[in-house]
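Quick heads-up: structures coming right below.
In the two complexes below, chain A is the common chain; its partner is chain B in one and chain C in the other.
Up next, the complex of A and B:
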């Protein structure tokens, strides 16, 4: 009796969470003029329209470039920061660690306004670079959390063994440390990419005029009406933001299995 | 192969001194063990020789050359760690070949050298496996193969046996000694296990609290401990505070409580001078007899058995002599003495040692 209740409740929660998503996906295949029920037939029309919508394609390109650059910069910085914090005795390591993680805890809108005000104060104009900078700030904690956890589990004596056999510290990093933490590095990069790709709050504050990312483009389109194109775009984004991490986790798992850790 | 010399080495971590001024000479080709309880500085010394720690003061010489400023990857050492430290993402053969890549070994020779090293550790067929597919003992053999394939100047072993279970440990002990003999490499072995040290070493360096207590052959440190610490750390000893009454060419006469005057021969009396002195009596040298047994030539005292700790091959007795409890470890012929029985305890004077001090 008790278990059945819990089971029913769980199913209810899942429905509540995923039904809206399912509806968006379903409606993206709707032939109707309007992006809502009733369904009038199956069609890929809205995906085609999406493909021909210059503004959306531009936003898509912007998002992907922004996401990739964010992932690259965040991952590089995150790996270096984790190495320093875990492998070396840095004075105030705990404080630095907390400060690096802090952007997760601060409400994004506060962070967004703060960065904007700060740059205004310095007389720096909004630019794509600033947008990238903002994204790096709040994806970095995720990379650091994942990579640090992995790095702690890699025993120092493996690196010491490599050095005792004649590898320089740099060779040791590329031969031993990096391959061993690669699953975490890839996971961190994926986190950074998807978080950047998804972000709207910070992006709205930081983007220069005329530049739109996919989320801000959708937001702009929604001001007029709910176009069925948006449902199609939503479906594409779900595939990207859910599918990519799953793929990444799969690859990471394969790599980890091969390396036996 | 090279000798290793520590000259007035000191290591401090902040205000804590891990190694007090230490001098040590490890001749080429010898097997030297740093023995002591945890925290005695033995691993710190090893890590300084390895170049994983910088000495605060003093000099380290390998093959007569000062290496204080030579980083670890240029010291040409082989290190075997307690937890194997194999590279989990590389096959066994890749692990063993790792050090060869950084030396001027022609590519064509690498496979042959790897195979020779695997043969030496008696695991010729595991080259294409990953470390996790091997048992702990096998992994440690691979770690050894990886360390010696580069023909290091010095082989450093940091408690390499303590992660293995008891039976395996004894096999590996013999194996390690055989391989060391075969290649003749200067070896520094760190352990807290006195039986490993006694079984394997040419020279044992007993350490305590960052200081060297004694340097000597296994039989030296076992039979003629230089301090009370050494006497207690290597096996169980009874230490009786007495007085040295006389010293001559034959040895010393020590007036010990419970047993009266004992003539300790000079090779067991060290530097003992007249004055307060201690009698060191190993538990396995103190034998229990029936009260009726003749005990000619032994130093004896009447005793009562208090505790019997039966261990199969041997038995450990705690006996009371006067107001003092002594420990005796005896082989068992038939039945051990029962608790409470009255016995005679005795030892040969040449089986004990004398130490200066009160």
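Up next, the complex of A and C:
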């Protein structure tokens, strides 16, 4: 009896989590010109409107470029740091770990204010560069956590075998360690991209006037009223941010299978 | 250079870019706003460099700020409790279910990937004047006019719960999953009922996960300003909204610095207390 109650409760919780999102997707196909019920028919017109909306396309380009650059920088920094923490006995490793994840222990609003004011003091105004700095610093801890967790499972034996067969450390890194690490690196990069792509809390502080990312564009459009276009945009974002990681998980699995770990 | 010194230096070379980034983009800026909070924004809009206590005096004594701080903490506390009540049975269900655990976990992770702003605004489709709930009530004839259910404190809490629940469930799950089920069986065979076994064995062992989830929900909830802007009314501002107002709207950066530091002090104290008694390891398990 108790177990059935727990199951029913959990199903209720899952419905609570997914129902609003499902409604967004459903309404984005609504033929009615109001973003609301009742549904008057199935239509793709709102996706066509999105495609013709210059402001939204620009926001998409900004978000994608920002996300890719953030992922590249953050993953590079994160992978190097994780290698150091997992592969070497570093004195004070715990303190260093805590320092490196500090950006997620500080409320994002506070991080946003501090970075904005400090870089402004240095003469860096609200700009794409400021956005990039901001996104790098708060995605870095997530990359480190994800990459570190995966790195621990890679055995050193294979590297030692390569070295004992005469490979130089550089050769070993590029031919053995990096391929083995690839799933971890991809997972970290994907994580960084998704977090950057979704961020609004810091972005609203850092973005220069006139520049919008997809989330800030949605936020600005909400000021008027909820239009079917917002729901369509929401659907596109859901497909992107859910589809990409699923794809990433799939690729990582394949790679892991091939390399036999 | 001997091999040993090279070995010893290598990790520092690998660590230095990340450490430099955290130092220059987080710690130095934080120290900078401490200094900035003692400057003064003059009527002309220029900053008066110096050591003025005006901002701190305003932030700490004006009842306006105090009231909003208190209501922010209240909202975060209610959100955390609701998340715990909703999340614990679900986490237990995932941890103890046979077979499709992977799917259940994947479903739980999905909301992390769905944009926060979309999950927040999705409630307008449900509870808005022309939303799903009103249409349903209208078509059933229960109401004759749509009711405005949005833009109050309850919908702010609803939005926060929807945003934070996965953090809670994941943390409780991690700690439940690490408990040996034999312990419960042992308690049962010694005469405890299932409920007693749960209360005296499983629940205490899962408290670290509950605490980690609770800390995350509270800190993330108390630091938000987007949810009140989207789902709250004009009187539902939270403390982070005051920071946003001061920095972006009024351009009073010294006052904004003082308010940010106040928020950091309150939430930072919680993290410190947590770290003191439970350590960061549990939190990392849930995040990683």
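By our rule, the second predicted complex is superposed on the first by the 255 of 261 C-alpha atoms of A that agree within 3 Å, B and C clash if a C-alpha of one lies under 4 Å from a C-alpha of the other, contacts with A are read in each partner's own complex, and residues count from 1 in each chain.
Convention: a contact is a pair of C-beta atoms (placed from the backbone, for glycine too) under 8 Å apart; a residue touches a chain by one contact, two chains touch by 3 or more.
Please read these numbers as outputs of a predicted model, since none were measured by experiment.
Superposition note: with chain A as the common reference, chain B and chain C can be accommodated side by side. Angle at the C-alpha centre of chain A formed with the centres of chain B and chain C, after superposition on chain A: 100°, rounded to the nearest 10.
Once the two complexes are overlaid on the shared chain, A:168 sits against chain B while remaining clear of chain C.
Chain A has more of its residues touched by C than by the other of chain B and chain C. In the superposition on chain A, A:21 makes contact with chain C only, while chain B stays out of contact range. Of the two partner chains, chain B is the only one touched by A:158; chain C is not.
By the touch criterion defined above, A:116 reaches chain C but does not reach chain B. In the superposition on chain A, no contact is made by A:54 with either chain B or chain C.
Look at A:180: by the touch rule set out above, it reaches chain B but stays clear of chain C. Taking every C-alpha atom of chain B against every C-alpha atom of chain C, the smallest gap after superposition is 6 Å. In the complex of the two chains, the chain A residues touching chain B come out as 155, 157-158, 160-169, 171, 175-176, 179-180, 258-261.
The touching residues of chain B, when paired with chain A in their complex, are 50, 52, 71-79, 81-83, 85-89, 98-99, 101-103, 130-133, 143, 146-147, 150, 156.
Within the complex formed with chain A, the chain C residues making contact are 7, 10-12, 14-15, 17-19, 21-22, 25-30, 32-33, 36, 86-87, 89-90, 92-94, 107, 110-111, 113-119, 121-126, 128, 130-132, 134-135, 139, 162, 165-166, 169, 194-195, 219, 222-226, 229-230, 240, 243-244, 247-248, 253, 256-257, 260-261, 263-264, 267-268, 271, 280, 284, 287-288.
Residue ranges of chain A in contact with chain C, taken from their complex: 2, 6-7, 9-10, 13-14, 16-21, 23-24, 27, 34-38, 76-78, 80-81, 83-85, 87-88, 90, 96-111, 113-119, 121, 133-134, 136-137, 140, 142, 144-146, 148-149, 194, 197-198, 200-201, 204-205, 214-215, 218-219, 222, 226, 230-231, 234, 237-238, 241-242, 245.
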